[in-house]
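What follows is a pair of complexes built around chain A, which joins chain B in one and chain C in the other.
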Partner chain A sequence: MVVDPLYIIGAVAIGGVLIGGGVHFIPVGGAPAAIATATGVGTGTPMLAAGGGMTGLITAAAATTSPLWLVLLAGGAGSALMLGITMLVGNWVYIWGVGCVPSSAKVKYDPITKYEQSKFVTPGTEGHGIPTVCFVSGIIGGLLSGFGGALAYYFLYYGLIGTSGYAIPAGAYVSLGAATLAGTFSLGLFFVNSVIASFNIGGTIEGFHDPKFARLPRGALACIIASAVVGGLGVLLVQGGSF
Partner chain B sequence: MADPIIAGLGVVALMGAAATIAGAAEDLESDTGSMSNPNSQVQLAPQMGNLHRIFNKAVSGEPVQMGSWAGIAGSIAFVLLSLNLPAVMAIAGGAAVAALVHAAFATSSHLGRIVSVSKFKQPLFLDVVTEHLGPIAGHGFIVTFTIVGVSYLMTLPIQGLAHPFPLPMLAVLWGITIGAIGSSTGDIHYGGEREYQQYPFGGGIPVRIHGDITRRAELGARNSLDAVNFCAKYGGPVTGFCFGSIVFFSFWSTVVGGIFGSISGAILPGNSDTNTALAVGTGILLIIIILIIIINNRMEVFARNKYGPYLK
Partner chain C sequence: MANEKGWGPNSVDKRKTLAFGVVGGLAGIYLTPINPIIGPVLAALGAVCAIVWGADAISRVSSYGLGTGVPSIGYMSLAFSLVGALSGVSIAVYLGPHYTWLGPILGFVIAMLVGAIVAGLCLTVLRMKIPILMRCTIELAGAAALSVLGFSAAIAGSYALPNLLHSVIIPGYIALFFILNTMAIQHPFNACLGPNENRTRTLKLAFTTAFMVTGIVGLIAYPFTPAWWVIALVGGIGWYISVSAFIAASKEEAAEVKWTGWWPHDEEEFVQSVKEIKE
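Take a look at the complex of A and B:
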């Protein structure tokens, strides 16, 4: 299978938009959330998105020889699984370790469960923990960013095995060199797009119900431009002949 | 000979156990060095006039830091394995070198962090440096040893495993993941509770008390080893549970899916049998995700009923 260079640029650009867009859904509260002063997961946006993306990349790569839809599904499921378990255990700590109720000060009622929020927010804070709407938003973000990473990985892998240097060795079913290089490239793509998204949302966001979510189109535009450039570098990597 | 799927599940369970230890040790390592986001309060305290004896080495994100240590340990283990050393010795050798680098990093980053607040009269305590380096490097060793161990098991030619990524790369990926998990789960116990223990339990930390961290221990001044002693009772174990579950369930797509068709990770070519197995396995992961959403909602309802609203 020979992959057209435009497919690689397109796949990396779309993958980048999915990663960057996905990050907008992931509820991250940064340092304030780590001390239960803000709603969301208590870490930085790029860090949590990259952590989820890595698990997605591992599950996607385990399906390397499968069709595209299965690689995408495996990547999305792996990433969402990581974020889901992390948010769940994070809430254990908020509820039983810190003793607060998951709640948000940005909405009066949870848009999904309709639970009232303001009464449960500690005075002087912007909320704490991960209420249901943030949790569902985080799962959607994990799925999207997992799809994006897996998409870029898949096309780069097949682009690389079409070259003589990374061809699948006789007797093997997978090229370890191509898988490694495509995986490393996708890892870089995760960091590029999650940092761009982090700049766009100003470091913290609660999910799709947060007013900052309206900035998504601007972030997606920035991600598609940056990812297209990264995709061009990917084509140089595959077709440039320097490897 | 054992059923390949049973053997695969056994190895995945072993990986989950190793990952559980890794997760717990990672959280305690970050508590020892105030590595993650709660470091903001340790950094802020002197500026609010609260001088302290807490170790602070947060000069990078926790995932990047753990990815680096796991990558160093994985690379050296990979080289030692290629020299035909036994796996346990090779992995221990890699983790030992990573621990040395970790200790050097911890020293210079703590000195830098403290010097940056010296204008607020925060002294640098050399006994704090020497007391904390051992636990930091020790916990770091446990993390890198178990992470590289998990990565090594993933590369073995076992049904459902045999991952196409090489050992050092898997170590970096799991290192970044465990850093993200430790930063998101156990560190909240340190930041939201242990750092503000002089305030009543049961609520978030209002902005007006930011920087007023607990500086007195049961006897004398509090240091970061006291924080580890506290967080080892809850924050550390739940972080371990979190990472262990993620590693364990991540392989259900290939190992448990393997019950529904012939599968061997990336070793076998994509055929309909393998694809069926992977599709079923991934479907199982999606069902687990839906269950997690429901469990989280039940927890939220429990907390609302148990704690109730804030009174005016």
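Take a look at the complex of A and C:
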């Protein structure tokens, strides 16, 4: 399979938008959430991108020789699972460690469970923990970003193994060099887009019910341009593989 | 104290760190082929220069408060610089065997170009209001590219793509550099930030983290270069010197350094220990 350079740029650009858009769904709480005074996971987007992105890429890479849809599903499942575990265990710490009720100050009623929120928000804080709506939103974000990373990985990998430098060695099923390079490239794509998205939302967001979610189009525009440029670098990597 | 512009009376001259990083980094990478032992050590030292430059650049831009923490911009810059640096080396291969020497400089330039594009996007599309974001992202991208290329050349003993492929990409060290170099670049300011941040002290910590990475690079270079123990030794000695300088500087600038003892076992002991500390 020979991959056209435009496919690589396109796949990376679409993958980048999926990652950048996915980050807008993930409840990133930042430093305030780390001391349980805001809703979300108590860390920044780079850490969540590292966790979700790496797991998604490992699962996607494990499905390397499979068809595209399976690689995408594997990536999405890996990222969503990792983010789900992060949010679940984070919630255990918030509930049984800190002793607060998962609640959001951004909405009056949880859009999914219809539970009242304001009663449980400690005065002076923005909410605590990860309520149901944030959890669901986070899973959607993980799925989207996992799809994006796997898409970029798949096309770059098949682009690379078409060259003499990264070709699959005789007797092997995968090219280790191509898999490592494509994986590192996609991880880089994760970081670039998650940080651009993070700049867009000012570091923290709760999920699709957050008013900041309306900034999604601007973030997606920035992500698609930046990812297309990074995709161009991917083409250069493929071109240099023939030696 | 670092003022709003990030270059207060206690900050260092940004032209000096820039020259240190660019000249040191490129010289180290280009001197790699001179000798199988000294060359890789010089490449690793070049990467140390680049990391110190990057740490200064990230300190300047993060003094503004990005809203996302210091590490975020470091991870972003390392991500596109790593890809940019590798694509620069790839173009050099594509151009032909006579142009291999162009690789590192091309990677350096491409990384900075992508840095400029991403910073431009942040300023225009996302409407971020940080005037020095453009300059600092470009500097960070350049420093990140040189640090990755420096450590890669130290392990591979050359900056040509086939060598890098064999000893850096296939073993997966490239992904390790991603995290290691980001840590080395972003940690100093992340640890030292605050109202009385002294840039000289921050850069001493930058040398510490950079030499720490050098030591690790020396150890993981064991299967690929005979110079591995020299790199690890240089890293270890450099780390000892710089961490001593950093601790001395921290003690000098602290109001007082006092050992508070272990945590008390019961309340009486606690009250007693508080009294002792107050005295």
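To be clear about the criterion, the second predicted complex is superposed on the first by the 239 of 243 C-alpha atoms of A that agree within 3 Å, B and C clash if a C-alpha of one lies under 4 Å from a C-alpha of the other, contacts with A are read in each partner's own complex, and residues count from 1 in each chain.
Keep in mind that, in the parts below, contacts are C-beta pairs under 8 Å (C-beta built on N, C-alpha and C of every residue); 3 or more make two chains touch, one makes a residue touch a chain.
What you see is a predicted model, and the numbers here were worked out from it, not measured in a lab.
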Query raised in the report: Putting chain B and chain C onto chain A via the overlay, clash or fit?
Result: clash
Query raised in the report: Hey, is it chain B or chain C that touches more of chain A?
Result: B
Requested in this report: Classify the contacts of A:133 with the two partner chains as first (chain B alone), second (chain C alone), both, or neither.
Outcome: neither
Query raised in the report: Should A:12 be classified as contacting the first partner (chain B), the second (chain C), both, or neither?
Result: neither
Report task. Tell me which partner A:160 touches in the superposition: chain B (first), chain C (second), both or neither. Result -> neither
Query raised in the report: Of the partners chain B and chain C, which touch A:91 in the superposed model: first, second, both, neither?
Result: first
Query raised in the report: Can A:23 be said to touch chain B (first), chain C (second), both, or neither?
Result: neither
Report task. Considering only touches as defined above, state whether A:184 meets chain B (first), chain C (second), both or neither. Result -> both
Query raised in the report: A:225 contacts which: chain B (first), chain C (second), both, neither?
Result: second
Report task. Report for A:31: first if it touches chain B alone, second if chain C alone, otherwise both or neither. Result -> both
Query raised in the report: Once the shared chain is lined up, is A:150 touching chain B (first), chain C (second), both, or neither of them?
Result: neither
Report summary line: Going through chain A, the residues touched by chain B and also by chain C turn out to be 30-31, 44, 46-47, 50, 176, 180, 183-184, 187
**Report entry** chain A - residues contacting chain C, complex
**Finding:** 30-31, 44-47, 49-50, 165-166, 176-177, 180-181, 183-185, 187-192, 195-196, 198-200, 202-203, 218-219, 221-222, 225-226, 229-230, 233-234, 236-237, 239-243
**Report entry** Interface residues, chain B side, partner chain A - complex
**Finding:** 36-38, 40-41, 61-64, 163-166, 169-170, 172-174, 176-177, 179-181, 183-189, 191-193, 195-196, 201-208, 210, 234-235, 238-239, 241-242, 245-246, 249-251, 253-254, 265-270, 274-275, 278-279, 282, 285-286, 288-289, 292-293, 295-297, 299-300, 302-304, 307, 309-310
Report summary line: The answer for chain A against chain B in the complex is residues 30-31, 33-37, 41-44, 46-48, 50-52, 54-55, 57-59, 61-67, 70, 73-74, 77-78, 80-82, 84-102, 113, 115, 119-125, 127-132, 135-136, 139, 173-174, 176, 179-180, 183-184, 187
Report summary line: Listed in rising order, the residues of chain C that touch chain A in the complex are 66-69, 71-73, 75-76, 78-80, 82-84, 86-94, 110, 114, 117-118, 121-122, 125-126, 128, 161-162, 165, 169-170, 172, 174-175, 178-179
